[in-house]
Amino acid sequence: MAGKKILLNELGLEQKRKGFVSKEKLKEIASKACVPESEAFSAATFYSFLSLEKRAKHSVLVCNCPSEQLKGSEKILGFLEKRLKVKRGNATKDKKFYLGETSCIGLCDKAPAMLVDGKPHAKVTIEKTKEILGKLK
Amino acid sequence: MHLTIDGKYIECREGETILQAARKNCIDIPTLCYHPMLEPEGRCRACLVEANGKIVTSCDTAVQGGMHIITDSEKLRRMRRDAVDLIASSVSPETIKEENELTDAMKKAGLEKPSFKNYKKLAKDNSSNAVWRNNNRCIACGRCVQSCSSVQSVDAITFAGRSNEMQVEGVEGEPLAKTACVSCGQCSLVCPTNAITEASEVKKVEKALKEKGKLKVVQIAPSVRVSLGECLGMEPGRIVTGKIVAALKKAGFDVVFDTNFSADLTIVEESNEFVERVKGGKTPLFTSCCPAWIDFCCQFYPEFIPKISTAKSPQQMMGAMIKTFYAGKRGIRPGKITSVSVMPCTAKKKEARLKQMRASGVQDIDFVLTTRELAMLFKKKGIGLEKMSESEFDDPLGESTGAGAIFGVTGGVMEAALRTAYFLIEGKELEDINLKMTRGTKGLKEFEIEIKGEKFRAAVAHGLANARLLLERIKKGEHFHFVEVRACPGGCIGGGGQPKLTDWGKISARAEAIYAVDSGKGQRKSHENAAVKKAYAEFLGKPGSEKAKGLLHRSYPEKGKAE
Amino acid sequence: MNSALLEASNFEGLKKALEKTPEEIIAIVKESSLKGRGGAGFPTGLKWEAALKAGGEGERFVLCNADEGEPGTFKDRLILTKAPLNVIEGILIACRVLDAKKAFIYLRGEYAHHRTALDRAIKKAKPYLGANGIDISVVLGEGAYICGDETAILNSIEGKRPEPRKKPPYPAEKGLYGKPTIVNNVETFAMVPLIFLGKFDSNKRLCSLSGDLHKAGVFEISEGKQAGTLLELAEPIGIPKALCFGASGGIIPFDPCMELTEANVKERGAFPGTWSVIVINHEHSIVELCRSIQAFFVHESCGYCAPCREGNLRMLELLEKISKGKGTKKDLQILRELSALLESSCFCALGRSAPLHVSTALRHFFWEFEEKCT
């Protein structure tokens, strides 16, 4: 146990640093965490927030849980699709934005909500969405 | 301990599962992911039963005394049918048009065709020249992954992704050829839907058989003669040597040789090498007949590469002899021979294509068929094996001893080699040549044998996870003089190219048949093989000669798989 | 919100507990009737006792499940921000029971921004950690609902594919790295110090209210409170029609006079779980709600067992078809059959509870489905 790294934490840090986890890095992290490479790979492919390939620069994930849908998350998604000219589940051509849905992010009391580069935004409106997008370089 | 199944009073043992207890009593419960040689994982949920009023999977639920089990009720039948339906709906239509474990389960569940539309459109992975994968046929039963991981400790494939996007993939998403895969094919042996198969060469062989102006030569491995029958409806362990020879001739082969001959040749070369190594203090000697083991060692334990015998496998020795020695005898160029081998193995397919396996100047073995593929070829050609009369192997590469025969089973190479090595070192024959300590299904067999006053330590491992345990011990300083490793559980009789639905019972039946072949032979020591002696006298010189080295020995990469 | 359940213990509860032997602590927790607040409701005292009695040598672990992923649930988020110290105290008391030196808090990735509050609380508890040689590590999830399962979370921390494990053995006997492990939810741990202060009331718990409400949020409910009274506090938008218990608890008709007890919810075919209530008004379609929940399960199924992996997908296909007005009566029949299959045959609790929303909706709101079918 002593000195052993937690695989998931290390993968998460790398994802935050680089926006993805490369094969070489995955190998390195697996050995640091004393997890066989095959297991580490299998685990890494499981989580929604981890990516083994370079994704877009910014990720915009709109929460699609039932409470959010009741509060109009679909409208926000529709707006984003139009504004970014990309269908959900895809990255924009310039690889600047990835637009997707996410399962409940625990902000149902402040719906609709979204995660932008991992940061939560609650009670978003179309106006607020424009503002958030504007701040992303 | 007792329990009732469908009202029937049944005796059972502690630690048994409901499924095992039921099957022992001829009560059939459909299964899909369950495999008798693997740990139950409970993935498919097709084996549902009711135990004390609760729905459970019978494959991984232990029996309890006094348990009331229902396997046959309207509700259970419907649930099992629905479970099989969901699985059948997930595979490509071709998968459910052939006989396999899935279509068998469908039949048992009373399901004619799947209710939902198939949705998978995935790329095939034919990167390896031993094993092909087609995920459109995959039902995610997990057998292949468990086999690659727990049985073989290779971990070349694993599950990637989740939910209905979860797929079996090469580690790091690489095509199989670029992974640690050692080509053993155990994954293909356990796959219930042919999502993983051998890299098929049946069509190529069919085409080659029609080619005019070529001499078609074929060899069959020691273990094929005791397993092929199973693919064609015969009982496990049936010896069909003579029938295969006749059937191969009927299929269009001109000459049928016996890999048992070259197994004898291998033993002569390898025993000679062993004696040299003992003299030079360069033990342990690792056997080299299993190409999957070699790939394993070269990748995971490169420090032991110098310890592997340089003797080629029997397939490749035969390949070299056919296109040099035999070609010379017939007065034809090696290029005029089509050389096919029938092996229990998928790794032999890759071995035949290695760059250095061209002792004759051209590729020594042109095509390799697995036992399963030969059965397919016979079926396609309408050749009924059962009805064939018996024929003999052709000369001069058809004669063999009992020592060559036991190459097919775990411990057999060790036993055969010791029969000869004892003679070489001691100067006289073993009193009892039945070396029982090499036999049996135990994953790791260790023993000592005294030759000329010196004690030799030997170890036999089968299943690469067992080999790994042994190698770790050697790494820590334990010494053995002679080590046999076979990648597949049971040795070649449990090989990746053997009939599907292989279990330990069938492996044992095949082993018994192999030992019956051995004890039925007049000559049971490789150095007594008259044809081998003749080949040395006429062509090779003596064991370990320059010519023998050039034709019958090979080299290894410094690290990583041989290409 | 104000709730006795969120009152700071300021180490008083912990101090009292540390004076007791592990057996005494277990007896007190048992006495309190505290049940797990993560959804399954297993008696906490019994769980701890099982872990204490588990054989074997070596390490023991305590794990706080802060992977609050059930849609409509956010009460743990509130506890982690308002009373994180109580959670740490609860964890330390559990460590005392097992003589565990290592504890983990598995925080869902979506709550990463609450990590600072948690780290601060851990820092504050340092004297108690140091004195007993205990280390608490935070593990951040990376977006997987299944990690809320008490065995999947173990695999996740160990770096394995986060699939659930077969039970038994339970984590109390064979948990993290195969060692006895106490796994409890955030709210459960937060209640423990209150027990030792005599401030715990097993009749009260936190409830996340969301959906068609003006004032969605976390409310304290006591056993037997009427549904109408509770909803009044949250000021419904429009006329409430149905209550949906997260994604996995099922959908029941809103009845203002219904007393909110587990038995009453179960009687209607649903399961209250963490008491997350999503309120649906008359303007919203139950079919649409089911379709959306179903899409969630298709996304979150781990894929391990066939009925969950394939069945959820087929149920979504059917619900999409019905939602578009292209469904038939036969489709409803298939939907029902698939729900029954999943409920009794899936490998883990996720799979077995996934179809509950469909089976309850078909039971209570059948006409809404029928209306859309030909």
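Labels A, B and C are assigned to the chains in the order they are written; within every chain, residues are numbered from 1.
Heads up, the rule we're going with is that contacts are C-beta pairs under 8 Å (C-beta built on N, C-alpha and C of every residue); 3 or more make two chains touch, one makes a residue touch a chain.
Every value quoted in this text rests on a predicted model; they were computed, and no experiment measured them.
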For this structure, which two chains share the highest number of contact pairs? A-C
Which chain lies the greatest distance away from chain A when centres are computed from Cα atoms alone? B
Distance between the centres, which are taken as Cα means, of chain B and chain A, whole angstrom: 45
Take the average of all CA coordinates in chain A, do the same for chain C, and state the distance between these two points in whole angstrom. 23
Measure off the straight-line distance from the CA centroid of chain B to the CA centroid of chain C, and report it in whole Å. 49
If you look at chain B, which of its residues touch at least two other chains? 159, 161-162
Quick check: what residues of chain A touch more than one other chain, meaning two or more? 39, 42, 46
Which residue numbers or ranges of chain C touch two or more of the other chains? 144, 161, 299-300, 302
Chain B-facing residues of chain C, complex: 144, 161, 166, 298-307, 309-314, 317, 334, 337-338, 340-341, 344-347
What part of chain B is in contact with chain A in the complex they form? 149, 155-162, 171-173
Footprint of chain B on chain A - complex, ascending: 23, 26, 36-39, 41-42, 45-46, 52
Quick one: in the complex, what on chain C touches chain A? 59, 68-74, 76-77, 102, 108-113, 137, 139-145, 156-162, 177, 208-212, 216-218, 244, 247, 278, 280, 284, 288-289, 292-293, 295-296, 299-300, 302
Spell out the part of chain B that touches chain C in their complex, as residue ranges. 42-46, 48, 55, 57, 60, 78-79, 82-83, 86-87, 89-90, 115-116, 119, 139-140, 159, 161-166
